[in-house]
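Report on the structure given below.
Per-chain numbering from 1; labels A, B and C assigned in written order.
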Amino acid sequence: MPRHALRLAALGYLAAILVGPLAIVFWRTFENGFGPAWSALTTPETAHALKLTLIVTAIAVPVNTVFGVVCAIAIVRRRFPGKGFLNAFIDLPLALSPVVVGLSLYLLYGREGWFGGWLAKHGIEVLFALPAIAIATVFVSLPFVAREVVPTLREIGDEQEQAARTLGASGWQTFRRITLPSIRWAVVYGVILTTARCLGEYGAVAAVSGRIQGRTETATLRVQERYESFDLAGAYAIAIVLALAALAVLAALTLSKSRARAA
Amino acid sequence: MSEPEATAALKVTLLASLAVSVLNAVLGTVTAWVLVRDDFKGKSLVNAIIDLPFALPTIVAGLTLLALYGPTSPIGVNVAFTQTAIVLALLFVTLPFVVRSVQPVLQELDPELEQAAHSLGASRATTFRRVVLPSILPGILSGVALTFAKAVGEFGSLVIITGNIPFQTEVSSVYIFGRIESGDSAAAASVAVVLLAISFAALLAIGAIRHYAGGRGHA
Amino acid sequence: MSILVRNVSKRFGDFVALDDVSLEVESGSLTALLGPSGSGKSTLLRIVAGLEAPDTGEIVLAGKDATALAPQKRNVGFVFQHYAAFKHMTVRENIAFGLRVRKRPKSEIDERVDELLGLVQLHGFADRYPGQLSGGQRQRMALARALAPEPQVLLLDEPFGALDARVRAELRDWLRRLHDVVHVTTVFVTHDQEEAMEISDQIAVLNHGRIEQAGTPRDLYDRPASEFVMTFLGDANVVGGALVRPHDIELLAAPEEDAVEAMVVRVTFLGRDAKLELHDADGGEIVVLLTRDRAEELQPWRGQTVWARPKRDRVLARAG
């Protein structure tokens, strides 16, 4: 008896909170066929928003991948002053509210901010332009690659790398031929998580982008804008695109999860 | 920070986060239990779905909840612009935390412990209370700490479905956002500091739990 | 290539791993570093390999000071206790690794790998992954890998420690035979005195970061320099204030000078030997190993009083 009751409770909970709402949105969007959804997606501002999201993701993911791998190796394999600080710093974006992140950037780069004066003097636009959006996105998606690679590196141990050194491999050769292949699934898993975060970031970007239609609106910001303009269909259409991307991410995660943990 | 609107927002935030933490502690553990101990067709699919809140943008999450539980709800439930909406949205975004924290601990639990308890005459409830629960408690606690930290700072999923009504459904993150937009960075910063302090406290708690439990507990 | 270790010391925090250690390893020999855990033997090996740096002292390889050289430049082959196999590469790729990083031509690499596969008897396994091999096979692969770039020194860190007893014994003999063929200066670390005694030309016994004695197995066994070396390399008893091996004790039926009175507590026939357990006047235990002939002469029985005397020249006077 308890078994079935528990199962029902769990599945019911998931249906009510996760699956149900998502299913409704799919239904509503395509209630009247593909047409309205498609035209909603192809307005110039919406198309730009989708493009902007992709551009920012294309910037943040490689940056954080390199950063994540380098940091992970430094944390696990090397000793240096401030290592604990670096470790904690990497976890920081996970605990911070996105709005707080946005606020910090605002305080740093705004007109009265620390760097604001200098930037304005040199005509560099950070806030309310692509740079701010990129920085915000990079920061909030910082931890994922590092957090996946660190435990994997620890588990593998450095004996293989020592063996490579005794066999004559230089530092770079050891990294390329031994270290990198051994962490590749952890990196893949981390990249997938990073990408999902970049595509879905809202709060931090909302605070620093100025939400200028056709210029600094990302896809997530556009959803909000369409809703506020009472264009529910338009909001749903973009939401579907993002949801489909999320489901693709989920599928990719599930596929690589077993590889990352077992490798 | 002494502004009444700010304090009201903080109260709303803390109450909702607390409620969600408790709810998640129970529901998340139940879900983890079902995923580890039960077996049924489609279980791996269900297991994968748990990560949906990690993948789905928060604003989309809010929109989907609005579609099912808002004015256009096909099942007639409309809790938009109420505090219930806050709880709903927070439940969505924090769903994976407790589940994913408890799962691995439950997985590692030696079934022989429970068998021993049964052979000594303990009922299932007693065995759960005295044998299983203490072992999975660190997992639950670290999941709850993560839940709380995330809930306190959550923004995107709340923007649409709660209506952000000051003194009623406005949470601290929305308040901060409002202050930024109107250029009052000082007010924004002071509330942000409070949120930061809470985040740090949660981070420390997680670290302490992990350390105490000897490295067990997920995430 | 000869190895000279000169006055090497190494600490890890408060722990003294090596304390002014000096050792000479002849070119082409097979030397064992023997000692209990924590004695510093692995640390010494790793310092010779360049995987650790000594705090003081020098390592001289083939007459040249190598103390500051990186492991890549020392031309040493290293075999780890847990194989350190490159899991994502096949056996062939593992063995070829040292040659590939030296950018040797492919044909040369293939030839050498095949040669080594034959040497370590892993011919059919070339395209398998380490995960598909048994422990013994993995270690043979690790050896082949270390030998591929033709190192001048081969270092093995408890190479058979992770294997079960039967495989250990097999691989131990196999290593000796390999050494007789390949003639590379070899140093290996072990805590198993039987292993060290059976295959090495020279044994260095380490204890608490110091070398207690270095010499041939026979030297160490027959003329131990200290109580530690004597008891580590074999059984020893206290008879009349000195340490004696069980088979170096004479049993007499009547009291004589230098003989200690003792009572026979147990007699066991072990086929070609007989083992007698005696208790002396203070209750201390003495184990005596007699040849079968001698035992038949004596006809010992439980409760019998005998006198035990160490054979001359076979004794280590006990310090305190």
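In this text, a residue touches a chain if its C-beta (ideal position, glycine included) is under 8 Å from a C-beta of that chain, and two chains touch if they have at least 3 such contacts.
Note that the structure is predicted; figures quoted are calculated from it, not measured.
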Item to check | Both-way neighbours, i.e. chains that touch subunit C and touch subunit A | outcome: none
Next on the checklist: Based on mean C-alpha positions, which chain is nearest the centroid of every protein C-alpha shown?
Outcome noted: A
Checklist entry - Using C-alpha centroids, which chain lies at the maximum separation from subunit B? => result C
Checklist entry - Roughly how many whole angstrom separate the Cα centroids of subunit A and subunit C? => result 55
Next on the checklist: Can you work out the whole-Å distance between the CA centroids of subunit B and subunit C?
Outcome noted: 58
Item to check | Separation of subunit A from subunit B, taking each centre as the mean of its C-alpha atoms, in whole Å | outcome: 20
Checklist entry - Where does subunit B touch two or more other chains at once, residue-wise? => result none
Item to check | Where subunit A touches two or more other chains, by residue | outcome: none
Item to check | Touch list for subunit C against partner subunit A, complex | outcome: 49-51, 70-72, 75-78, 80, 82, 84-88, 97-98, 101-102, 142, 145-146, 148-149
Next on the checklist: Under the definition above, what is the set of subunit A residues touching subunit B in their complex?
Outcome noted: 2-3, 6-7, 9-11, 13-14, 17-22, 24-25, 28, 88, 91, 95-100, 102-104, 106-107, 110, 112, 193, 196, 199-203, 206-207, 219-220, 223-224, 227, 232, 235-236, 239, 242-243, 246-247, 249-251, 253-254
Checklist entry - Given the complex with subunit C, which residues does subunit A contribute to the contact? => result 159-160, 162-170, 173, 177-178, 181-182
Checklist entry - Taking the complex as given, what residues does subunit B use to touch subunit A? => result 27, 30-31, 33-35, 38, 40, 44, 46-61, 63-65, 67-69, 72, 74, 88, 91-92, 95, 124, 149, 152-156, 159-160, 172-174, 176-177, 180, 185, 188-189, 192, 195-196, 199-200, 202-203
